[in-house]
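Naming follows writing order (A, B, C and D), and every chain is counted from residue 1.
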Amino acid sequence: MKLTGVFAPIPTPFDRADRLDTKRLRRALTRWLAHPLTGFVVLGTTGEAPLLDDDEADRAVGAARETIPADRPLIAGTGRESTRSAVRAAKRAARLGADAVLVRTPSFFKRQMTDQALVGYYTSVADASPVPVLVYNFPALTGINLQPAAVSRLARHPNIIGIKDSSGDVLQISDLVASAPGEFSVLSGSGSTFYTAVSMGATGGVLALACVLPDACVRLFELARAGQHQEARALQQQLLPVAKLVGSEYGVPGLKAALHLAGYDVGLPRRPLPPAPEAAVAELREALCVLGG
Amino acid sequence: MKLTGVFAPIPTPFDRADRLDTKRLRRALTRWLAHPLTGFVVLGTTGEAPLLDDDEADRAVGAARETIPADRPLIAGTGRESTRSAVRAAKRAARLGADAVLVRTPSFFKRQMTDQALVGYYTSVADASPVPVLVYNFPALTGINLQPAAVSRLARHPNIIGIKDSSGDVLQISDLVASAPGEFSVLSGSGSTFYTAVSMGATGGVLALACVLPDACVRLFELARAGQHQEARALQQQLLPVAKLVGSEYGVPGLKAALHLAGYDVGLPRRPLPPAPEAAVAELREALCVLGG
Amino acid sequence: MKLTGVFAPIPTPFDRADRLDTKRLRRALTRWLAHPLTGFVVLGTTGEAPLLDDDEADRAVGAARETIPADRPLIAGTGRESTRSAVRAAKRAARLGADAVLVRTPSFFKRQMTDQALVGYYTSVADASPVPVLVYNFPALTGINLQPAAVSRLARHPNIIGIKDSSGDVLQISDLVASAPGEFSVLSGSGSTFYTAVSMGATGGVLALACVLPDACVRLFELARAGQHQEARALQQQLLPVAKLVGSEYGVPGLKAALHLAGYDVGLPRRPLPPAPEAAVAELREALCVLGG
Amino acid sequence: MKLTGVFAPIPTPFDRADRLDTKRLRRALTRWLAHPLTGFVVLGTTGEAPLLDDDEADRAVGAARETIPADRPLIAGTGRESTRSAVRAAKRAARLGADAVLVRTPSFFKRQMTDQALVGYYTSVADASPVPVLVYNFPALTGINLQPAAVSRLARHPNIIGIKDSSGDVLQISDLVASAPGEFSVLSGSGSTFYTAVSMGATGGVLALACVLPDACVRLFELARAGQHQEARALQQQLLPVAKLVGSEYGVPGLKAALHLAGYDVGLPRRPLPPAPEAAVAELREALCVLGG
């Protein structure tokens, strides 16, 4: 199972009382299904996973699987701080129909989360998970950067099939590609550097940007893979402002605001996450307008 | 309810199968109760709170309350990433007999956790919590530093009674003391700077060090409060090596190893936290030996 | 030669054409001499040393020495990036009458400036310098923190008499005091934590704040040394706003603006250092006004 | 004057007494001249510029110019902390025959070196310099990152012709290319990401790696410019280990050790820079050996 292409890490809708709203989740998914996206991630960072209880998480995965046809891969975010909870979450997601699980590095006890501890963690999770495991590295949020050498060791595990790297460091993407075996999937988590990552050998991306502009992201991927570097570079440059705004700049609130502007009904972030500030909405409106024109 | 004195943030024992072990928790607590500690914190950072499920957390609070007599304050750590979960956890802890709750800043979505967002979060939790709330600021682990100005605003809430500040920044302790009303409790979370914090006006401490050396910590507090600065400074200097080893240096694994050396039966950290490395145990043995001699 | 007390690290005046203005330097010094300051530092960080050529530096040291009577210690900042230049600068300053030299850690090649490299550097400078050497550690500006263990080794050199530590980390001050021999001078470079540093055993301070409020700083030092902790703490608290504004907050531009408000004629910072922004001047005016009232 | 191609930032030899050794500088340059490098930078970071006095700097520029024929561009590093010294250094370098000057951001007073202050600095230097100015941004060493928006403003100055960006951040390279006018030169300072930088539109590089492996760097540039991405990527991957070792990993000591292994006689770094540790030499020997085989 090699993951190639563009995956949308879909946001999680909440209702006005801040409760999980699976009805709107299904509706939004139906709309994304009409686009040529390869597959979907539920409960990634943009899915506000750390703000959901286990029970809510299960309902979100279940609703997603019921909506997404079997031939479109569904990946569920199941990272937890303890090995024990991560194993359980992976098992539950598999039972609910996820094709693979995306497991973020535990990070609360930063100093103790050495590469060795993380290799132990992922090995335990992969040993126990009924479905393949994707490692998930996001240094800006976790304060931890899993080194390519550790990933290379993990890549030998038969149930660890790839990594989503959101470091935005294309040199690291290049290292990951060089040091992992051929069938290992290296997915970029950064829309701002997606063209470069693919031209460095990344096999695809899990991009917040792909929720907002799915067709453009797929086209960017195809151009880069086909070696049409000039067109790819030009398209990447056009997408850059939106990529930044829904990425590091305004995060989940920015993404939900952008989706609202694009006609998706995904509501506001869960508290204590604030809604996007007005200035962000104005910037997003302008950046999207330029692309639409 | 003003919190004055030395509180021990007790670790959480797990059995060999990595399950919560409330029996050993009770036994260890019984031993600590024999020391002149003011009170106890369960499920703080040293209690490995982020590694426990809600159900386990409730059992730990319940077991602690049943062991600790009503005249010794029990504070339960109930911080969660979402406002909703934090409110629920506070309610459950209150029902289980906690006298107050200690609520760590949510921190996963760092950039969005502005002072304004955090003021909103704590206000919601304090509005709903049946017992008083202590703010908990630990920048080294969360990547977020709640500013004294924001704390000063929160201090006006009738149900927010104090802060545990683990920044180790005594200037910040001084700012907190100066800007908060007189009845607000400012507790230091750093054993290495405890004397300084108290001489700056901190009303007490929640110190990992106090699990290992409860009598010495209480004496240090009393000396500092009594204005016996020379003796206090000398004692602080003696305690410094152990304070560092069970604090920033080796964290929870260091604390559990130190307690093992001191005859407490609290087991190993929960995975993926590794046990303390051998070098740490050797350093701890020597540092404790010097104090005992 | 033990350095005890409060030293003023005086700023360097420039004329409208951005040339060194020794005339105004002498005039300002004359005014500071009327205050009970222990001694003076020329060409420290607040003296904009990195913005002066060697020739200008020599003229500034010469002018200061001619103005300051022999019974008031004059310390000259002579740190340079290369060992060779630092040796030469120390020799020239000694010839011009400096009683000691203050040598900042070289820091451009950060990763190579290990404690071992820095011990070599200071040893070479101290071997060659005709006058005693003070180590100068300022992590916020250099990106390097010389560890107490390395300072402890340097303290054994007969020509290295002390350290100015501007880390603002009072735990580090405490470590320096504990690990250095009794005759070694530990001077704090942080006005915001001066009381704490002295109560931790620092022998004095080199404080930008002492240029603006010399009498108050001397009084704070005396209170802290005499064990009058309550008064000392209250005074430190009063001085805190100005200390921050002329310290980390607005740096040299802030200090020169504060001195202008206090009636000193020290001009503007040398370019590319900008003058203090208007908001800074307003904050300073208010903070000074509160103290004066 | 558009700078396109590969420039070697040559190291500065010192003799055993740590004095500038222009004789060996000339000899080494003669050897580099036999390679198809576009041009040379003297007194860049790898030239240990911050460790030289003005007089030595002038002698190094003079010796380089006398050795390098007029049709090969010579760029002199002339950044200084003060605007005044930077203007003077640029004038002297121009008089000694430099074709352009490379001016590093001043950085000692980090907090005050805002984009606005830096725009003022560069404007003053460019107004006064008889030869064109290249901006030089090196965040890892200076602690300052000049923003693309500020560079875009500077690019309008008729005497500012380009930038050397050593951030290693290819997204920033992409921003610089997009926001600057077409004739502005964007040179990468990072050998590890050179292919990517060129494929992002960089017009060339100033690479420590090009001192050690000039032919390979020139070939990498040509492949990338010709759109032969697969070959370019493979070559970049091969060069990566050496690029890292002489770049961020071991800096100037690493570069001088690598050159020694490659038969260049450039001596040791100037003190306090230490020679490369033995482990570094072993790693370099192996990495170079692999390439040579």
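Here are a few things to note about the model shown:
Rule of thumb we're sticking to: a residue touches a chain if its C-beta (ideal position, glycine included) is under 8 Å from a C-beta of that chain, and two chains touch if they have at least 3 such contacts.
Predicted, not measured: the structure shown is a model, and the values here were computed from it.
At the interface between subunit C and subunit D, two copies of one sequence, more than half of the residue numbers in use appear on both sides, so the contact is built from largely the same positions. Of all chains, the one whose Cα centroid sits at the greatest distance from that of subunit A is C. Look at where the CA atoms of subunit C average out and do the same for subunit D: the two points lie 35 Å apart.
Centre-to-centre separation between subunit A and subunit C, using Cα means, comes to 51 Å.
Looking at subunit A, one finds that none of its residues touch two or more other chains. Taken as a contact graph, the chains are arranged in a single closed ring, with each chain touching exactly two others. You'll find the chains touch as A-B, A-D, B-C, C-D. Residues 18, 50-54, 81-85, 106, 108-114, 116-118, 120-121, 124, 140-141, 143, 248, 251-253, 269-274 of subunit A are the ones touching subunit B in the complex. Listing the residues of subunit C that touch subunit B in their complex gives 168, 170-171, 174-175, 178, 192-193, 196, 199-201, 227, 229-230, 233, 236-237, 240.
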